[in-house]
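Both of the next two complexes hold chain A, though its partner changes from chain B to chain C.
Right, the complex of A and B next:
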């Protein structure tokens, strides 16, 4: 996997989110699952978006494609894609972008494929929607071509098969082929693309993403709860918690020196290579995400943070501050924390 | 698919055998004898009764009757009707087109109204259309078809005089004259069926619309019409088809009542009178033909089911 040669963060942005807010109504008034989120995604990068389930990362993806499930709605902000604000487009204009310039690879290829339609029909219908000028045989040829590109063998045979006749890995390759079939994808959003697959297949699919990203020169947003996935593929990582980005950093920096206590917590849950069997159990971060219907006034991680300081942390929501080149963090105490953490390790040993 | 079809047809054999046996047993369990019904008020002596009994084979042990009856009946030969001096098969074939026209048209109306209404209700859940669909289907299912039949007759035939109240006229006398006598029975029969179909369509569509592949179809940038018809409805059809089969079977049963209400000389009416007159051969034949139709419908449902659901086809 070569990720050299792409300078993370450099170059023009392909997608710019400015204060994007996704809200759901509830009996206690509406709550934001994505809270005034701003983020810039650079052309040609793989951006990992990491967080526990319920942190808003999937809703962010749906907001970008304009398919927040009702009664939820994208209520504010701008989503600039190649300079065009998607939020202001008509439903039909947004539909034309989906599956063409912006494509999504879903988490569960099995349930995302229609069980009653042949693979070929499900692939070519994307072309029917976006390339009406193509003939039937052209569509078929393109489907075969793109299936080959994603490494599906016996592509001709596969076209006539139904989803239940394929293995999980092939199904996910079909989903990826579906995203590429129009040949014009600029932004690929992969929402937990490997979660449903077993480990060896997972690695193959991730490798495929990295290869395709450079082949197709597309930008990838890789949404996952698994930092290991991000470590293998992404250039840059956005860590999300309770609807907000809490840390944004190039992938190596993030793993070398995590700044936000939540990022550290996530890193600690990773099984360490070489750890003895007794220690290799997966740690989890204690506590639960706060009730978004009544978000705390201060830091949203307050109730779970080992470094929380009453009076400071719960007083105001920390801002996403620039720390260094390309590094941002949302924590009142990030400056003191490396020292505090070191002291804690010293005390424990 | 061909193999599947053949297998399904083969499964018919035991079902038909069981159905025939049941028909034989049940008709003979009914109290009363055809002889007394045949004779009516005429005064006859015991010798004459004996002669008729012998002629009909009713004096022999029931098992013997059955063993003689079954092979004959399997070939479709139910013997002579005791009342119509004609073979049962002929009597039935005379009546069958009427019942078929009634139930089939009712099914067409049911499907044409019920499925679109169900889809729209599911798409606009909580909307005005959904509300109307709900009220209408509840009402339709609550009203007994015979009562509805009388009401329709009162309004459209007696008060408004748009169509004749009852009776039947073959198509040879003109299409409208044929159709006008079927409109009300078809309506009476389909209203209750529509309720069932609307409800089933609505609930399966709601279920299917929540599926991930429907969300994925939207993510691919397909038009909403394609998403609904190609992705959602196709899957919902798997279950809707089953209901349609059930509705048709219920319609066959309902037609017995409706035919009596509207004095349509169909199979249902034939069975009713045959039962009253203890006309065993006609009764058996009539029920058997209804059973056969129900079985054929069942087969068609199964095949449609497999057609909509590839996982069945290859199982």
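Right, the complex of A and C next:
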């Protein structure tokens, strides 16, 4: 299969982003928080999108569902969902897809639920909007069914409770139930779905995502800052930096042999479990993310990259290029880097 | 004071600390409920070492920190800083004692006064504790800024003009101003980005090495805890359920809750999947505690005895205490059964 002209991805795509650009106005002209991003999401996969705050990962998610907060706007590109370009749809048509075929699970279940409405009313509201033909009792039955599916016990009692009466874990399960309730969801976008939860609850929720993906053949985009979460759940990983994807790879390849210096840097900064070198220095990435209002002409990672070459890396933004089966990287020097790293190790020893 | 000379001394000792909150009772006919936020906690931290306090939200970690700082008065129990009792101390002596213990907060933005420049923020502790003459403050502040790895011009800026990592460095500098023996770090890096996190961790390690600081390190990130700590205490619903030297703890926790925490915390290694969601259900309510062991409602090993009596902390090894009726059987066992998770090679 030729990869020429194909959005970076693998297998049969359910979602294709082509040159998606999200811009915000500023006193000095507008700036792109998602910069001409292309990506193909395979049917039935869990795609992890990782990056630090401000890298554009949440805006990418919002762009897909058409909820970029004003004054921001998706100004360019195409978002093909099952062949239909979402960008060209009217707000009404988009609303029909959102919450039905594409659903979002937000980070903070407390602030995403209406504190004045009972859980049952909030769940069935989705059905009132998307399935007006259903009767009240049908909606209730469906709510109970989907709550059971996401592992909420005593579902009947929960329907009558308010959000503040539930724990964080149950609230997040309610948000997932809400995403599934129409029964037609093909793409689930979860934006930091476990960041606000304790680790034992996080493990339960991640397990639920994995189960939904494998049992329901659902496609999941899991957005997170946590590389460990991605390592535990995703099939493929997109690493974002300053509005761009800098590396896209199957999860094992990414963790075994990261190609982009930023990905490598991120992985090296993590303390390793069972490492004997406790209290030793962790690796760091020097410097800070560039100001997106004045993006550098060359590689966005230039000012922090240990391998940056003046005259090459700061001259032009590298393209996201295919380097191997299902692997893509945005770096001028990726070919030389394994050698550079090996030489550095040799020099040090 | 040198670090070497003081390593044998305890910088902090906490004995049978209790703090109950009252809920309700505001209306006639509504009974007051007692909530045991911290319920009989004891531990010691030797000078120059790090003890990690881990556990889920609501387990009493932060309340314990407040009780040590006497921001909350304990109902019962003893807090000693370098041998001297802090609880019940007079206001004047409390002020003096607080020079020995400082705090670094989770959110560096919320804990820095937004309308003061960094110079003024860092000058404050010198004035409050009358550490030096007014004329010397500027030089001391400059020294502090340098010691946390920032350039001098940061002093003229406001907190909102700094990045998250720079702000946390200022939070650390402020804690160091009074040259404390103990710094309580409450989730000091969890609000920071991954690439900044390791810089702050390294700074904390360097400061410990150069100044002989002891840390009480409150964190939910067990990878970081393993990297930073000399000892670990695990809290659950107001009680310490296990405490051990860090190497012992990570080699084989003996309390089922500790084992579950370790199993639940995700590792950044896709080849180590198949870790189960070790616990079903959620943390019990402090308002309505289960009988016997507080953990038994979620414990995969619970037996009838666990509902009958509450286990107490008993020694199981060198410096290793566990509060579990079945702690003996946990020894050497690979803890909890594993269930396969998703396959990283494909859907």
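In this section, the second predicted complex is superposed on the first by the 324 of 349 C-alpha atoms of A that agree within 3 Å, B and C clash if a C-alpha of one lies under 4 Å from a C-alpha of the other, contacts with A are read in each partner's own complex, and residues count from 1 in each chain.
Definition applied: a contact is a pair of C-beta atoms (placed from the backbone, for glycine too) under 8 Å apart; a residue touches a chain by one contact, two chains touch by 3 or more.
Computed from a predicted model, the values in this text were never measured in an experiment.
Ranking chain B and chain C by residues of chain A touched puts C first. Once chain A of one complex is fitted onto chain A of the other, the partner contacts of A:142 are absent, as it touches neither chain B nor chain C.
Residue contacts after overlaying the shared chain place A:207 against chain C, while chain B stays out of touching range. In the superposed pair of complexes, A:57 makes contact with neither chain B nor chain C.
Once chain A of one complex is fitted onto chain A of the other, the partner contacts of A:186 are absent, as it touches neither chain B nor chain C. When the shared chain is aligned, chain C comes close enough to touch A:265, but chain B does not. With both structures placed on the common chain, the touch criterion links A:327 to neither chain B nor chain C. Shared contact residues of chain A with chain B and chain C: none. Put simply, chain A touches chain B in their complex at residues 65, 67, 69, 95-100, 103-104, 106, 108, 111-117, 125-126, 129-130, 162, 164-165, 178. Only residues 44-46, 52-53, 167-170, 198-204, 206-207, 210, 213-214, 217, 225-229, 231-235, 250-252, 255, 265-267, 269-275, 278-285, 288 of chain A touch chain C when the two sit together in their complex. Across the complex, chain B meets chain A through its residues 211-213, 215-223, 226, 230-231, 234-235, 238, 308-311, 314.
On chain C, the positions that touch chain A within their shared complex are 56-57, 163, 165, 193-195, 197-199, 201-202, 205, 208, 220, 222-224, 226-229, 246-247, 250, 260-261, 263-273, 275-280, 282-283, 341-342, 344-347.
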